[in-house]
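Consider the two complexes below, in which chain A is the common component and chain B and chain C are the respective partners.
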Partner chain A sequence: MTSPPPPASRVPPWRNIRFLRILGQVLAVVLAFLVLRWLAGNLTGNLDRLNMGLDFGFLSRPTQFQIPYRPSFDPRSPVTSMVLVGVLNTFLAGFFGILIALALGLVVGVSRLSANWLVAKLATVYVEFFRNIPPLVIIIFFAAALFTYGPFPNLREAILVGLPGSDSKLLILSNDQWGIPGFTGGRNWVAFAVILGVGFVLAVVVWAWRTSVNDRTGKPHHRLAWFLGVLTGIAIIGYLALGGPFSMSWPAQSENRRLIVGGFAMNWGFMSLTAALGLYTASHVGEIVRGSILAVPRGQNEASSALALSGFQRYRFVVLPQALRIAIPPIINQCLNLVKNTSLGTAVAYAEITALTQTSIGNGRPALQSIVVMMVVYLAFSLTISLLLNVVNRRLQLVTR
Partner chain B sequence: MKASKLLAALTALLLVLAACTTGGEDTTTTTAAGGTETTEGGEEPTTTAAGGEETTTTAAETEEPAGESLLETVRARGSLLCGVNDVLPGFGVVNEDGTYSGFDVDLCRAVAAGVLGDSEAVEYVPLVADARFTALQSGEIDVLIRNTTWTSTRDGQEGATFLFTTFYDGQGMMVPASTGFTTLEELADANICVLSGTTTELNLTAVFGARGIAFNPQVFPDNEQLRPAYEAGQCEAWTSDASQLGAWKATIEGEGGEEQLIMEEIFSKEPLGPAVRDGDSAWAQAVEWSIMATVQAWEFGLDSTNVGSYAGDDPNILNFVGADGFDPGLGLDPEFAITIIESVGNYQEMYERNLGPIALVIEGSLNDLWTNGGLMYVPPYR
Partner chain C sequence: MTVATPPPPSTGLSGAAWIRAKLFPNIWSGILTVVLVPILLYLVYRTALFVFVNADWEAVERNLTLFMQGTFPRDQQWRLVAQIFLFALALGVGAGTASATARDRALQAGLAYRPRTLGSVLRRFWSLIAFVLILLYFASTVTPWLVVLGAVALAIIGLQSYRLPTSFRLYGWLLMALLLVAGFQVVSGTTGRAWLVMAMVVGVGAWSLTESSRIAPGWGTWALKTVAVVVSTIVVFLVYSVVTVPGVGWDKWSGLHLTLWVSALAIVLSFPIGLFLALARRSTLPALRWLATTYIELIRGVPLISLLFLGQYVLGFMLPAGTTLSSISRAIAAMTLFTAAYVAEIVRGGLQSLPVGQIEAGQALGLSTPSVMRLIVLPQALRAVIPAMVGQFISLFKDSSLLSIIAILEFLGVRSLIHAQPDFRVTAHAETLVFVAVGYWAFAYAMSRESQRLEGRLRVGYG
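Here is the complex of A and B:
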């Protein structure tokens, strides 16, 4: 045994480790406070010198400019409406971009590990090409190649792909907008949306029930079939009961052939931005997926071969469930990057929040406050996405003893 | 324990000291121990509300509130920071060898010649339309000469002061000649190319809204992306200041593109001129009189060839060329006019050199001398 420690004597403060550490932290806090105060004073002093204020009153004043591809936007509505339109546009680009990125990324990641030489090489070329080019360049390339210098004519002479057997058009293709079929809400579509929501919740409950039946009795759960069955059943009942709350609407050209009426119209900025970002992020997601598949212990592969599982079954039941658990945090990161990269839409005249903020600053709105609003928007997006995906992450985490 | 109490007291003391010794900021002070905020160190006798000492030592080009004007700062630096356009033919372009040329660029050189005595002592700062006023506000540039329209909002909220209007312009609309459109009404629901952050956007919305015509703006950050979209037909029309449209029409047709048509209707007032930051009269006046000297020389019939050798006895002209050392107290050299006109030329020479090639004619336009029915009228130099 060691000898008892020497009696604690009074160590002078300049040699007392605990004191010095706390002093260091105190000094750091004071220093940070001083720097922030100096910056804030600088800001307010300069703003006062220029007679500019730091208030957010500009949010309630009229926007005074028209937003591209939103003919229903009234330029006299307040700036907050403009911000909401920007948020909506950013959301659309981000949502569809993430869908493309995740779906394509999964395929690319798995393909790169394929035993088929051609498939593996194609996936490698795809990843190395898209990963190493800045996203802005890819966006401008898509816009230029597909639309500005591309094969499609002007909207007034657009290519119309007809629906066989009727007068309606299936697709309208031009270098400005594309029209695709869509839905229009008839009467009661709100009620239908509510019924659909209720049906979805019910279907999730059924899913959980079938899973617990499987856990208890071991019978095959067929939970996906049950889920879809319940959802579809409720949707059909609701549709019939409400007398057709929505119907297909086909795209058509307007009288002066400058607008697409009916269906969904996608403008060229949205399409280039979403496609380019989807492909760019998919290359990153593919690499993440590949890395996480390779991180699954080798023994799992060998064990599944021993159990005579086919290649597909091995991926579907053994490898991917484990791999995707590891992959989710970096994928969350890529999703956030994609949403932030939508700010590059300014280069293709897409009116997402950054473009609208820059336009409004250039037209006399206070720069600092507008950028603060824009930052809040992006912060909200990022926090929401990471919150949602972290819920998924936590549910999928392996519980170890 | 004793150590932690000591540290808590130390922290509180340091925060109070920090709060008190960094001047009299009124909006952002928070003192941890609730100590009283006294304005120590003496407030500077400024006209602005909260100019503490730190605010003046940070940005490179902010003036000392104790009275030093940007004029002294620029002279001490020895060069003028001028915000310009680098992609607008006729007004501001970058040449292949990296030098700048254009009407606004020549005005920068005139200011440098007047204030610094050397028309080449200019650092050009190319700016996109969105960034013009933030660059001016932050001190990144000393003067903004970038085909900028004088509006009340820019004078007010944007913290700028506009000087003598150097080019009277208006907004127009350009379409490919093959379309045959001649009125704005024919552009209902059409895509119209416009630059982001310009008065053009607001005017377009206002004019079309007033006439009840719907339209769809295609908003680009600069002309380099706008022009391919226009030429590809993604927009049916291009709206901008009529002088810009003239420049682009000449460029597009000169490079073998489709023939363009600029509609007759001019639907806004666009007085283009230089701008400086608010709150510095000495600098504003130095810049303004340097620029107005070019118009005054034109009125007197002086140009780069004869300004240095005036031999008559008109007292107005003698004052103007500083013949008897006449100095009105603007802080400029008495012979500043000679320096400017000899190195850059008078207004007419600058106009014809830069804007003649893009088919802008000075005779009969709003930019002609007042004696010929135009709007170029400068105050007398006496």
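Here is the complex of A and C:
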């Protein structure tokens, strides 16, 4: 006679953790789906009643308005090319803004730790001043106080600073646009850009080679000198071989004196935006730099003094490498913020993607789709910078056992 | 036998020695000082010249009311005054209760407690006090003086809560919350769903009061708590259905008043969403984690202005036909959804900073997951993120200036009204901007100082 098998102990579903986990997830997904569907349902219903679509066909229709300070732009060209102009302008403002922010931020951050009382106090005042004012106020202040109602004459009577001994102008200052010398690409500039790219890759390879030589033999690597030497050499050879792929271009007033042609022309919106964002972000970068230098343990400083390193050597080989490891991730985050803040250019009519999107919506383009395109552009910028951040983070991570 | 102790060596440097040590420590530093001093003097001279001689402050002087309250109906101005008074009282009660709590704790721990002095308060909030003085300087009538004096007097009266015995601390906090809600509703009115907000505050109060009462734990307490909350809610509802005072909704607010409220509302409303998102992102359920991560990263990848555009141009279409939302409500919604993503990341940082041993200890005590969350994780994690939350609030406060881009007349936006006046169409742009900048700066600076102070205090482990 065999005893009956023990009854399988079944956990009731409301106490079964596996069941509960699945239930929780299903509920979350269903809830999110229902909310989205409700919003989308309302949206399509409302748009249908107004005979508006949800398609992106508008992207290939004409832009229908002139982009300021870009006479070469044809209003009949499709919205996609308007978006490209916006992306380019966003990139330009972000790029120059980041340059200003990094350079100034480094100076401010190091100055805050200066032994000189005056320098340290000035840097502190700078930081406390700029980081507590909304960037938009700074941008509008530059636009109003420096340009629109500022001291400069209008472009017809612009201040011209000539290059001695020639007709060319070094500098054109007005309340509308500033012109500085720039480069203009000749026939072969694409080829030259390709050569520069190849040269850069080669220089990186040489850098890696010098590093490995240093690792193997202990000989000095002189990486930077090799890197720059290779790059400059290739650039010079390419320039000569292509017979001058670019030339200097000097700024000049156009025929009707309404625009600056040639050189590197900056309009008031661009200048207010980059200067303001640069100054604003520099205050944050400065704080990061200061914090990271302070975060390097004192013992490191003392140890390098004990090794009889000079002040420069101490900074170059001991303090800065460790401080940068801490500083670079938050600094990249600040750069990301700066790029997102270029969207404030819309307040000073600088033709970046936000301003163009706003104008475009005002011209009757579908709002939702236009904003989606704009968000995708910013997401692309953010994603690129985050990827960069991840790469840097991985390289900077301390290698431990 | 006494040993003659020499006086402690003075740490301060005398004038000449100080200058040598701090301004000319070495040759390069000395050169820098020599170069910087004239530049600095010139800058100070130019600034002073602008502020005291060249600037025409008439645009600010004549439009002070516009800056403060914007287009708020002038015949309803008493509501704003009442709000300021109620808030001053709430502030006093809150500060008094907080100091008293700190004193109680210090006494319990056997530490010496140094009460706050007037000087320390002035040092902490000097930027705000300076801003108020600037406002009073520009004031053309006696009313602002009376308002400020009344607010100070009420704050001092509120501070007397410091003298209450220890068992009254809870009442202090509840009184503060009640005064804050009352201050809000004296402007917004008590019609519509206003009773819900008050019911929440009173409900939480009734809950905590029954919690502190001496009743044996168990179902009895739960029943009592539930009854207390339900009864208080019904009472509030009844009171509000009798006392219906129509108010001025936030659709009609503007100026600095709106700026402050928009930031406060957005941070308060975004907190529960952010908390939920943070918990979801840390959850072990993949679907929940993915949803939260997608939301947070999407929002953090786009600028605030794009969300404001969405709110302005698209949100109306996403609601059932016939629903109308004012542009301020839509902007608050956009700012709340935006801030929630950032709050979530802050809270996640707080959750991650908690040692895992805390959770394990809770589990070892046999607590369920929700109880571990409620009793162990959240109290510590949320305390740790207070400074970062203040930082987020500052950034939200600064970001509220973006509302001027979508034609909402907040502190920066009212400039468009002023410069539409015939007298100031092309003049005084710099002056109004400087005034606005000083206003933003005073608030943001005071808050950032407070956040640094909190950070320091939390690091020491009490406060």
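Here is the rule we go by: the second predicted complex is superposed on the first by the 381 of 401 C-alpha atoms of A that agree within 3 Å, B and C clash if a C-alpha of one lies under 4 Å from a C-alpha of the other, contacts with A are read in each partner's own complex, and residues count from 1 in each chain.
Just so it is clear, a residue touches a chain if its C-beta (ideal position, glycine included) is under 8 Å from a C-beta of that chain, and two chains touch if they have at least 3 such contacts.
Note that the coordinates shown come from a computational prediction; the quantities given were computed from them, not determined experimentally.
Asks: For A:L34 in the superposed arrangement: first (chain B), second (chain C), both or neither?
Replies: The answer is first: A:L34 touches chain B but not chain C.
Asks: In the overlaid three-chain picture, which partner chain does A:T359 touch, first (chain B) or second (chain C), both, or neither?
Replies: The answer is first: A:T359 touches chain B but not chain C.
Asks: Would you sort A:R18 into first (chain B), second (chain C), both or neither based on which partner it touches?
Replies: first
Asks: Where does A:L136 make contact in the superposed view: on chain B (first), on chain C (second), on both, or on neither?
Replies: In the superposition, A:L136 touches chain C alone.
Asks: Is A:R49 touching anything from chain B or chain C once the two structures are fitted on A? First, second, both or neither.
Replies: Both: A:R49 reaches chain B and chain C.
Asks: Going by the contact rule set out at the top, does A:A347 touch chain B (first), chain C (second), both, or neither?
Replies: both
Asks: Between chain B (first) and chain C (second), which does A:Y149 come into contact with in this model arrangement: first, second, both, or neither?
Replies: Both partners, chain B and chain C.
Asks: When the two structures are overlaid on chain A, which partner does A:W117 contact: first (chain B), second (chain C), both, or neither?
Replies: A:W117 sits against chain C, while chain B stays out of touch.
Asks: May I ask you to decide whether A:L379 touches chain B, chain C, both, or neither, giving the answer as first, second, both or neither?
Replies: second
Asks: Both chain B and chain C touch chain A; at which residues?
Replies: 26, 29, 40, 42, 45-46, 49, 144, 148-149, 346-347, 358, 361, 367
Asks: Which chain A residues qualify as touching chain C in the complex?
Replies: 21, 24-26, 28-29, 32, 39-40, 42-43, 45-47, 49, 114-119, 122, 128-129, 131-138, 140-141, 144-145, 148-149, 340-341, 343-344, 346-347, 354, 357-358, 361, 367-368, 371, 374-375, 378-379, 382-383
Asks: Name, in rising order, each residue of chain A that touches chain B in their complex.
Replies: 13, 16, 18-19, 22-23, 26-27, 29-30, 33-34, 37-38, 40-42, 44-46, 48-52, 64-69, 71, 75, 144, 147-149, 153-155, 175-176, 254, 256, 258-259, 268, 346-349, 351, 355, 358-359, 361-367
Asks: Could you please specify the touching residues of chain C with respect to chain A in the complex?
Replies: It is residues 22-23, 25-26, 29, 32-33, 36-37, 40, 280, 284-288, 291, 298, 300-303, 305-306, 309-310, 313-314, 317-321, 394, 398-399, 401-402, 404-405, 412, 426-427, 429-430, 433-434, 436-437, 440-441, 444-445, 448 of chain C that touch chain A.
Asks: Within their complex, state which residues of chain B touch chain A.
Replies: Residues of chain B touching chain A: 3-4, 7, 10-11, 14-15, 18-19, 22-23, 25, 27-29, 48-52, 54-56, 58-59, 62, 65, 129-134, 137-138, 151, 153-154, 156-159, 188-191, 196-199, 201-202, 204-206, 208-209, 214-221, 225, 228-229, 232-234, 236, 277-279.
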